[in-house]
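Structures are listed in the sections that come next.
Heads up, the next two complexes both have chain A, just with different partners, chain B and then chain C.
Up next, the complex of A and B:
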């Protein structure tokens, strides 16, 4: 009885309570995240076959550095860089235009542009796969036929594959990123623009000297999530090519390669080595990016 | 007259620009919808396009979805169950954690918060292999628990709830303590009602994530009738392609409920899906 009361008192004390609240994260972090990261490291030095594991040193990494891996890596990095380059300026311009005083029915346009973000990658991928189908009557082939072009086998050639992937990304994310910039724009004081107008600044000057610099925190955030999304891209390519194999691996991403090795070919050691490399890349990019941009998370912590 | 046109012209141009963009952006969805009214064999033969014989357009494909001849209805229910459980668990547990970060000072808080940020930065795809091994050892392959367990606490939600709660003065807690509330009573009876708007936004964020999640459910679920909706839809894309009726109508029907919800709770959708955005 005495013991129970003490226990109750302990659990209910103001000192213990925060730890109880923290507990769900602590458990899930240790079990699912920390242990998994550790396990990935360990397995990347092993040959794993069923229950038997065997330490093989750096062999997985030696096997890993092959042309297909570098192709997958190159594809992921290229996708990430181009999507970052498109998905910041384009939605920022749209948000600025939408936010302008002359604009009417802002909310309607905003909502309509947001709709693609509601579709799942699978649904979006299915539609794009069929829109860019190779049949002469597929939507895009019909469209280019209007301009006198011959039908194209979109998903077999490098430039058009990238085009489809980027269009898919633009389609799904423009509305969301625009919304980020719109909420960033609300933070910019109106009188800045007014005094600039009095000084005779043009709309373009105002955009580059007021809007762009003051939207920097938003841009950094969008950049962070775009890097994350770009490096982790898998489903888009998996759906477009209806599986993990694309002709000449034009659509293979690093996550796709991890999936191929770890799950399709059951080479868990090699798959883990890919995981380790991806982890290092993501962390390095993030550290550089956050250092360079002053650290968005650090800034938020001050609040 | 010139004065008026100088004022009206930018408006007209801007609206024209946005109308064009919106129309282009809605083409894929319009294509999907129009095609869902045609027989799937049409699609196989002619490809996805707008040429439709309206006289023969019908809802046959939709009737097929729920006819019981295929697993679509199962997938739909599975997705609903997984999403519902995941949203409730993630909201409750993540709000607890966010609350501890916002309202208390304690030893190890800094480290714990750094861990939250770390998890936010690392794509889950990095750890799917060990995660899958773990779920296998636990015996949760082909089980809803396998999909749900790794996602019961979401760093993004923790971060958001913390931001939301930091604005509430801590004196508020002391007042409640004087009134005789226990630490947990304060959270359950005072804070949770206060957090309602953030629950709505975050519920939609997490709901969308869960409803649309693909890679992890594809890995965990093995049998056809246990798949979630995105995984099931993907499985219809067989090279022999006699499933296009269900694929297209099914894809359409997966969006419609979300569209309706979006129309009703737009504010929360926008808030939820852009939650990470910088607010001041």
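Up next, the complex of A and C:
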């Protein structure tokens, strides 16, 4: 009885309760995040080799800044920018269309657009790789042959590789982003549209002057996760090129380079250095982006 | 304070991003069972046997290992083992093995390690020398297939499944249509001239060159006595021999005799379809490539002739070994001697070599099998049925003096660059850059320290 009381006292105490509730997060943060980050920093100054691990100073960082690293970085940033440019306006328009009253078969379209999100990226990548085969009898080459075009070597040439990667991204993620926007649209009060209609606003005017501004919080959120997603892209390229080795590194991403150096070539120290540099880059991009958009920062001030 | 909190929130988000990268790395590994089915196998359980574990990246090897364990238990009941074999997709398996070695826990006793990745494991001292276990078999086998998995100081660490001697496979329908007899092709110059005739008569190229692997240039380089690493094991791809090889392949491409391999490599779906459809007249690959013909190119059954590879100068030895898998004992094992002896038995005994040839289609390391009629003239063997020529004729003709690639130290690092940029640039993207200049640039991008 005494014991239980003590326990109750402890749990219901205003002073201790917050710490108790925070504990699970704090522990998992310390073990899985803080420790790993710390160790990554340490390893980025080492040559990691089981029992023979030794400190080698800044060697990993000196080696890191080589043309292949910059190519991978360029690829990742390009992918991130283009996907952000496509994956915000396009799903927003679709969501608006699906939200409008005059749209028929809403649920069918919603499901159709969302189904790709349920497939594994690996499966999707394999299907895309086979569809975009380079022989004349591959699916896409047969398709373009109907329009009289010559077969294309899709996955070993620069512009078409990007086309395939963006198509895969659009196919896979449009439904997810559309769902975010749909839920954002549901928050916009109907009377705003009504009063705009009374004032004689056209559908296009309503979209640009009501929908887009009021969807801003959702857009900022989608932009933030798209930046993460774009910079972290790895699986798509790994599967599309059947194992992380694209010709002349045309599809090598920064995480792909980390994987290549750290795991494939047994250079965990260099891999860690790439991870550290990547962390800094993404941190900087997102802090700037959020500041620019007044995202988190502005909202907190309002309160 | 609030601002501090938001900055912290962004920091945490960004950190979780790094881990998002980490988890997506795991995705292909986790998906491996979907793609090629990870499997486990065990031998018939023996009471009191020692537990041994083995990892392989090739599902076909699982049955090989469990059968070898059964045979071992039958022959050495006092040293019985219970072997558990696990297979997984190649990239995932090698990464897992490497991490386990670095941590020093969770490694298997024995592991199959692919030749391109072997140097990494050897260099950091994760493997045990197996000299004493190999020595009893020394006189019966081709030792270059064992010494190549060595450190250059007399210690050997791995044994291969096969000899992997390279040969030239010709599509005889095309060669006959062109009126060229492959037996007349001795030098690479002959090969080029024959290719021109084939192209003129049939419109089909003579050969292909890979951009995502290195078999053809490596074969030519080995024939010249060149290697991708220097005598100390440092990566060295910027050599005059290598430049000559690139220039010769470029000459073949220029003449239309050689094209870029559809799909980029000789293990791609596009290539199998292309070769199977009679799109190319010949391909030079090791004898273990026979299995790819029987599995992926059924339409060529009874049409493929096996000949020796061309040489640079008449009279040169034509024997070159390529590809491979070095099976090794990890230094973390509790049963060092047993693991080594079992490994040597499985890979070097006559029983093991028969299985390797008959089931897996691997040219045996044991020379006695090359003249054993129950092997070389076995009417039920699917490889002997498929091909027009007997591969053992070439093995016997070329003899036992065989050149193997030097895979020490920087080979893995060089291999990665060669297969991702060097050969794409040399044969496809920067075909006008002089070979010497190109190789110097490529050499500069190899990361090895």
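Convention: the second predicted complex is superposed on the first by the 271 of 303 C-alpha atoms of A that agree within 3 Å, B and C clash if a C-alpha of one lies under 4 Å from a C-alpha of the other, contacts with A are read in each partner's own complex, and residues count from 1 in each chain.
The working rule: a contact is a pair of C-beta atoms (placed from the backbone, for glycine too) under 8 Å apart; a residue touches a chain by one contact, two chains touch by 3 or more.
Predicted, not measured: the structure shown is a model, and the values here were computed from it.
In the superposition on chain A, A:37 contacts both chain B and chain C.
Once the two complexes are overlaid on the shared chain, A:68 sits against chain C while remaining clear of chain B. Applying the stated contact rule after C-alpha superposition, one finds that A:265 touches chain C and leaves chain B untouched. By the touch criterion defined above, A:231 reaches both chain B and chain C.
Look at A:90: by the touch rule set out above, it reaches neither chain B nor chain C. Shared-chain residue A:78: touches no atom of chain B or chain C. Contacts of A:52 after superposition on the shared chain: chain C is touched, whereas chain B is not. When the two complexes are overlaid on their common chain A, residue A:242 makes contact with chain B and with chain C alike. Of the two partners chain B and chain C, more residues of chain A are touched by B. Once the two complexes are overlaid on the shared chain, A:123 sits against chain B and chain C alike.
Shared interface residues of chain A, touching chain B in one complex and chain C in the other, are 29, 32-33, 36-37, 40, 120-123, 126, 130, 133, 135, 137, 228, 231-232, 234-235, 238-239, 242, 255, 258-259, 263, 268, 275, 278-279, 282-283, 286, 296-297, 300-301.
Residue ranges on chain A touching chain B, taken from their complex, read 12-15, 17-22, 24-26, 28-29, 31-33, 35-37, 39-40, 43, 94, 97-98, 100, 102-105, 109, 111-124, 126-131, 133, 135-139, 141-142, 171, 174-176, 179-180, 183-184, 187, 217-218, 221, 225, 228, 231-232, 234-235, 238-239, 242, 255, 258-259, 262-263, 268, 271-272, 275, 278-279, 282-283, 286, 296-297, 300-301, 303. Every residue of chain C that touches chain A in the complex is listed here, in rising order: 2-3, 6-7, 9-21, 24-25, 27-28, 31, 34-35, 91, 94-95, 98-99, 101-104, 117, 120-121, 123-126, 211-212, 262-264, 268-270, 273-274, 412-413, 416, 419-421, 424-425, 428-429, 445, 447, 449.
Chain B meets chain A in the complex at residues 7, 10-11, 14-15, 17-18, 21-22, 25-29, 31-32, 35, 43, 46-51, 93-94, 96-97, 99-101, 103-104, 106, 109, 112-113, 115-117, 119, 121-134, 149-150, 152-153, 158, 163, 166, 177, 182-184, 187, 208, 211-212, 214-215, 219, 229-231, 233-234, 237, 239, 247-248, 251, 254-255, 258-259, 262, 266, 269-270, 273-274, 276-280.
Listing the residues of chain A that touch chain C in their complex gives 29, 32-33, 36-37, 40, 47-52, 59, 63, 66-68, 120-123, 126, 130, 133-135, 137, 156, 224, 228, 231-232, 234-235, 238-239, 242-249, 252, 255, 258-261, 263-268, 270, 275, 278-279, 282-283, 286-287, 290, 296-297, 300-301.
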